[in-house]
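Note that the chains are named A, B, C and D in the order they appear, and that numbering of residues resets to 1 at the start of each chain.
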Amino acid sequence: MTAVTDVQETLAALRREVCALHAELTRYQLVVWTAGNVSARVPGRDLLVIKPSGVSYDALTPENMVVCDLDGRVVEGDHAPSSDTEAQAYVYRHLPEVGGVVHTHSTYATAWAARAEPIPCVLTMVADEFGGEVPVGPFAIIGDDSIGRGIVETLRDSRSPAVLMQNHGVFAVGPNARSAVKAAVMCEDVARTVHISRQLGAPVPIAPADVDRLFDRYQNVYGQR
Amino acid sequence: MTAVTDVQETLAALRREVCALHAELTRYQLVVWTAGNVSARVPGRDLLVIKPSGVSYDALTPENMVVCDLDGRVVEGDHAPSSDTEAQAYVYRHLPEVGGVVHTHSTYATAWAARAEPIPCVLTMVADEFGGEVPVGPFAIIGDDSIGRGIVETLRDSRSPAVLMQNHGVFAVGPNARSAVKAAVMCEDVARTVHISRQLGAPVPIAPADVDRLFDRYQNVYGQR
Amino acid sequence: MTAVTDVQETLAALRREVCALHAELTRYQLVVWTAGNVSARVPGRDLLVIKPSGVSYDALTPENMVVCDLDGRVVEGDHAPSSDTEAQAYVYRHLPEVGGVVHTHSTYATAWAARAEPIPCVLTMVADEFGGEVPVGPFAIIGDDSIGRGIVETLRDSRSPAVLMQNHGVFAVGPNARSAVKAAVMCEDVARTVHISRQLGAPVPIAPADVDRLFDRYQNVYGQR
Amino acid sequence: MTAVTDVQETLAALRREVCALHAELTRYQLVVWTAGNVSARVPGRDLLVIKPSGVSYDALTPENMVVCDLDGRVVEGDHAPSSDTEAQAYVYRHLPEVGGVVHTHSTYATAWAARAEPIPCVLTMVADEFGGEVPVGPFAIIGDDSIGRGIVETLRDSRSPAVLMQNHGVFAVGPNARSAVKAAVMCEDVARTVHISRQLGAPVPIAPADVDRLFDRYQNVYGQR
């Protein structure tokens, strides 16, 4: 099998995976209409696969996913890519360990983002998945590098795979697209639970040493080996 | 093909579209029982297509959609039209750029409406879709022109495609029925997110110049060309 | 056709209808597990058809619905009837215009009930469907007539087809089982919307004369004739 | 039929039941991603059947359920068992009347748990199912006996089949897996309703004698005999 065939098969598999993962965004009600998307890095290539812009989730197919280079220019595909492509391309350029990016405006996480307030680490699930509070990134306007830069600078100072962009929404990352989707799902879940807890009083903090123990264990022991 | 055939085909297509769009109202839980509806203007004719009154969403078919003139009188159909027909007909008579109207009592938007309080523009999504706060229209009783007049007067002073009618619910408009449904979906989404954000403090405002930049970009760049 | 056949056909139809209407309780998330039920009066007979006790909604069939007399004793059926049968039988005995009763512990309505606080009439939908505030009935323990009596005494003083039983949940009535289900669905919807509105301030009241106009119109004009 | 065949049939039946019951966790939205599980004791054997770790609910089959001894060691199965297996095994070792255990991080119950605040008994449904307030267990870190011990010590002092583990989530028990799932569903339902009621004021308490009467009746009369 030639290298060309290899990359075509990898691309075909990523088109199927990226397309299918959008069903998790709707299943967990992280998105309405067309307002959220998933992308994946093409391993070993300066390429990414991403949702087309403004196409409804019911109409997504592996074929209408868009392949772009890491400057956000379309390489393959008949559709315009997500309007978040530039921000996500920036993340792939600057965080080589990232293999997947998800963007949502999920309700509770975006509610924290609108107040520019991080989600405090008061649940074992926050410690497990985020290793501390879920941080807030800057207010940034779409159209240049400022969203991508805000994501990267915030995530570099944190163990969290998710960032709440002020007044905007969530960007979540992971070693692959599926883990980024998981981080987006978990981010909304803890945003909701901590919000509701706070409505009637003050949640009990978790000691930093316990946060570390929980995070280490979850990253290294949980799931199938 | 004759002009008569043309209008029949247009009407048949609009009956299918208006019928199908109600599934978005239930999908996003903007309505319960029979309390919400979609209509479309028949292009180039003084006619509209609208949901029948009090018929459950499961029972809607293209055939039981009702065609009315722009005074709300039934032109074609065996059912009584939605009790909101007069208000929507008023909108079509007075706002020629409107091709679709949606009415819901969606929970969070109606909660703002019950306090006669506009939804402030504290999310990029509000700036994108509504170009500023989502405005409140007057308290108006069904049965004369007062609802339609309240909608039109409020929308004329705003870039928003949705208005919160005091103590009542949402009316959303668009160049076609699908865009009006999108505005209704987005209106509930931002009503919910801003509500939740406000429960635990004050959301950060977005500067008016940034609101303008976001609105202009979204109206002109987003989606497929 | 003989009178015996007539009543058997009526019963078979009511078994199908009562069974099917439980799907509206789950659709609108008014119930969890087995905690809610629908009943219908058998017209012209001192009988009612009701859900079996503790049977999950997935397992309901027309055949396992239970026929009881208006003292709550089983007349036909292999299952024990709902534990709310006595209360509902009391309602049928004392309110001859009632043809259907629904009981739920739907979340928002029960939250008002736990505070013994009526839902104020601050939405046109409350005026339309309930003709004023949704009233609260007394705290009453299951096992004697006190729940049924509390429902009847509260509804007699109100235009509302639903009552919030203190610390307990909702009972809704109507001329038939379907209209009682509608009242239960609407009760939760307005309980939720008014709750959410009140969380961030004071909803605007609706003038009593406007409540009357809305109620009269909705009862007499809405829907298909 | 030999004893060996008997236990194999029991195990096969429990694998099917435990697998199927996870659909109730997703139906009632008690879990996201893979964060929750059900287990059952194998009657008359020192064994339990439990969900595999980190496997999504869509991918569960009777075959990938894991059989462990009551020290949490895998006896049968190709997958690693839930990371909660040790805690649940501890419960089975110390509470012989328990035949099923469920763990979730359901939103409203976990919100109470984050404040280390029991759910007060202000609804007849709380009295019916929990016989008083839903208690809070200690903060405990995964990895030794402390979660299991916290569950057991808290449940021993209470009539409640559910405990809110501080900063963590819910553990629910029952004579079998289905009743444990029911307790988990009811726990979230009452956590939500009481939370919402408290948001706008103080729910009315229920007198202890009435709590006892409700609990006794529900445990002894409700459902099919």
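The definition used in the following text is that a residue touches a chain if its C-beta (ideal position, glycine included) is under 8 Å from a C-beta of that chain, and two chains touch if they have at least 3 such contacts.
What you see is a predicted model; the values in this text were computed from it and never measured.
Graph distance from subunit A to subunit C, where chains that touch are one step apart, equals 2.
As for how the two copies subunit A and subunit D face one another, under half of their interface residue numbers coincide.
Put simply, subunit C has to spin 90° for its C-alpha atoms to lie on subunit D, with the angle rounded to a multiple of 5. Placing every chain at the mean of its C-alpha atoms, the farthest one from subunit A is found to be C.
Each chain gets a centre from the mean of its Cα atoms; for subunit B and subunit C, those two points are 32 Å apart.
With centres defined as mean CA coordinates, subunit D is found 45 Å away from subunit B. In subunit C, the positions touching at least two other chains are 199.
Remark: subunit B residues 28, 122-125, 182, 185-186, 189, 192-194, 196-197, 199-204, 206, 210, 213-214, 217, 221-225 touch subunit A in the complex. The part of subunit A that touches subunit B in the complex is made up of residues 32-35, 52-55, 79-80, 83, 105, 107-108, 110-112, 114-117, 139, 141-143, 166-169, 195, 198-199.
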